[in-house]
Amino acid sequence: MSEAVAQQPTRTPAELVALVEALIFVADEPVTSKVLAEVLDEDKGAIAAAVEQLQSEYEARDSGLQIREIAGGWQIATRTEFHEEVRKFLKTRPSAKLSLASLETLAVIAYKQPVTVPEILEIRGVQSATSIKTLLDKRLIVAKGRKEAVGRPIQYGTSKEFLIQFGLKDLNDLPSFEDFEDLVQ
Amino acid sequence: MSEAVAQQPTRTPAELVALVEALIFVADEPVTSKVLAEVLDEDKGAIAAAVEQLQSEYEARDSGLQIREIAGGWQIATRTEFHEEVRKFLKTRPSAKLSLASLETLAVIAYKQPVTVPEILEIRGVQSATSIKTLLDKRLIVAKGRKEAVGRPIQYGTSKEFLIQFGLKDLNDLPSFEDFEDLVQ
Amino acid sequence: MSETPEQFTFDFHKEKAEILRASDDLQIKIGDFAGPLDLLLFVIRQEQANIFDIPIARITEKYLEYIQVMKKLDIAVAADFLVMAAQLIEIKSKMLLPRDPLAADDEEAEDPRQELVDRLLEYEKFKTAAGMLYERSTIEQAVFHRGPIETDGESAEVDATVFDLLTVFQQMIARRADEIKMEIEREEISLADMIKNLKRRIFEEKELSLMRFFEEMRSKQELVTAFIAVLEIVRTEAVRLTQKQTFGDVILRSVTTDAH
C-alpha cells in the first residue's frame, strides 16, 4: 500500500524507533505493525526492526514499562512486578474475577471454537446459558456464524477483547490443549 | 506523613526510577512529587532525584516520549516534533463507539429492513435523523429505493460494509431472539 | 503431578479442599461447583480414589451426600446435578450385575464406568485450561495501561458486535411495549365514559368542584377529555356553572333535580 517510494521520508533508524514509541504510546489499544507501516510510510520490515530495538531498549534499561505484543499488536504497559504500587497509586482493587463456571465455559469456547451451546453442555455437563451471557456482556466471546446442523445453532468463538484481557498475542499463544493432559493424574 | 521508617522499602535507586516511571505512566493527570513520595513511602528528595534521572534517560536515548513538568506535576507525553505523525495516526484509529441512539437505529434497520424513517420513528419512539446520517456516513446503511406509500419515503437497509464489520456472512447470520432466548431467561 | 508445566499450577480443587478444611461444617453450595462433573471430580479427589478405577459405590454414596447437604442449603439443586446422580446409580447397579457368562473370554466386558471416566478426563482438561485462564487474568490484572485520550469520531470502524445490536433491539422493543401499554391504559377513559362519569358525580353529589374534578385526572390526555366532557355536559344537560369569585373555583350544579 505504501509503495510511494518518492515520498519515503528520510529518517534515521533511531528516529523511526522514537516515532514508533510515540505512536504505540498514544494508541489506546494494541497497534499492529501494519498500521504503523502505513501511517509512517515505511515497510513492515523496518517497523518490525524498530519495535524489536525498542523492546530491547526497555529491557536493557530496566524500565518500569514494557513493550508487549498483544492481540497481534504492540502495546506499552507497566511491568507486572509493580502491580502493588500501581494499584495503591490508582486506588483500584483487582476487578471482579470471572466465576468458575464462566472461566470453564470460556476455556471450552477458547479451545473448541467455533462451538455451539449444546456442545458446551456436552463437555461441561451443565447448562451454560448464564455464563455465555456474562461472557458476551464482557465481550470476551462473539457469535461466529451458525452451524450447518439441525436448528442452525449459533457458534461462539473468542474475541479480540479476549486476547487483550488475557494478554495473548493470538490464539496460538494459548498453551496447547494436549499440555493439560499431563496434569490429569 | 510517611514517617513510618520501619516500613521503608528497600529499593535500589534504579528500581525507584522504574517505579516512578510506571506511576507517571498510569496517571491520568500530572503527578506531583509529593503524591509520588507518599505512595512510594520515600522522601521527596529521593523522588526528585528519580524523576531527574528518568528525564535525562529519556533525553539521552532520544526517546519518542518525554517527561514533562506540567502544572506542578510530572507527565509522560510524546515529543513535540512528532505532532504531525501523531495526529495522522490518531485519525486512523478505529474503535469509534456508536452512540446508543445510532446503535438502536442500526438495530432497527438491520432487523426490519427495508425500513423508512417514519417506521424507525414508530419503533424507537424518537426522531432518528442524526443517527441515520451517522450510519450513512459510516456506510453501515444504504438507501434501498422508495416505499410505495404517501410521500414515497426512502427505505434503508444495511450495507455490505455492515456485514463485514459485524462479521456476518449474510443477513441470515444475524442472531434472532430465539437464539438468545435461553440466555436472556 | 510431578511434571507440572510451568505456570498453570492453579488448582481449583485444592483451593476448595483447603477452604473446606478451614471451616468446620460442610458449608457447600451449588455455586461452589461449576457443575456435576466438577463435584464428582472433587469427591474422587477427597476420597483419594483412582480416577481410572473408581470405587463407584463409595463415590456415589459421597456424591449423594454432598447433594443432600446442598439441598439443605439451596432451595433447589440444579437438575444437572441430579442427572449425574442418576447416572452414577445406574453405573453402580450395572456393576452389581453378574458378568455375562456367555460373553467371549478374550473380549473383556465393557466397563460400565468407561464412558464416565472418558468424560471426566476430557472435562478435567478444560478445567485445567480454566485454571490457566484464571492465572493469566490474574497476571493481566497486574498490568496497567495509559489512560484513554480523546479520539476523534471520524473513523469508519465501529466498536460493536451483533450481540450489542440484538440486545439494544430487544431493550428497545421492551421499552416501546411498556410505553404503548401505558398509552392504552391512559386512553381507556373515552369521552363517552368521562361524560357518564361526570354526570353520575353531579347527580350524586349535587355540587361538584371543577377544580377538584380536574385534579383527579392522571394525565394531560385525561384532563383534555375531562374538559371537553364538562363543555359537553353544560351544553346538553341542565347543568349550571357557578363561580363565587373571579378566578375562583367553578362549581357544577345540576338544575334538573331542582326543576322536578
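Here are some notes:
We call the chains A, B and C, going by the order they appear; numbering starts again at 1 in every chain.
One rule holds for everything that comes next: contacts are C-beta pairs under 8 Å (C-beta built on N, C-alpha and C of every residue); 3 or more make two chains touch, one makes a residue touch a chain.
Small disclaimer: the values here were computed from a predicted structure and weren't measured.
Per-pair counts of C-beta contacts peak for the chains A-C.
Most remote chain with respect to chain B, judged by CA-atom centres, is C.
If you average the Cα atoms of chain A and of chain C, the two centres end up 31 Å apart. With centres defined as mean CA coordinates, chain B is found 16 Å away from chain A.
With touch defined as above, residues shared between interfaces to two or more other chains in chain A number as follows: 25-26, 28, 76, 78-79, 86, 90, 136, 142-143. The set of chain C residues touching two or more other chains comprises 144-146, 151, 161-163. Those residues of chain C whose C-beta lies close enough to touch chain B in the complex are 144-147, 151-166, 168-170, 172-173, 175-176, 179. Residues of chain B touching chain C in their complex: 22, 25-28, 76, 90-98, 100, 103-104, 106-108, 110-111, 123-125, 138-140, 161, 165-168, 173-175, 177, 180, 184.
Chain B meets chain A in the complex at residues 14-15, 17-23, 25-27, 35, 39-40, 57, 61-65, 76, 78-79, 82, 85-86, 88-90, 92-93, 95, 167-169, 172-173, 175, 179, 182-185. Listed in rising order, the residues of chain C touching chain A in the complex are 1, 3-5, 8, 12, 31, 33-38, 51, 78, 80, 84, 119, 121-134, 136-146, 148-149, 151, 161-163.
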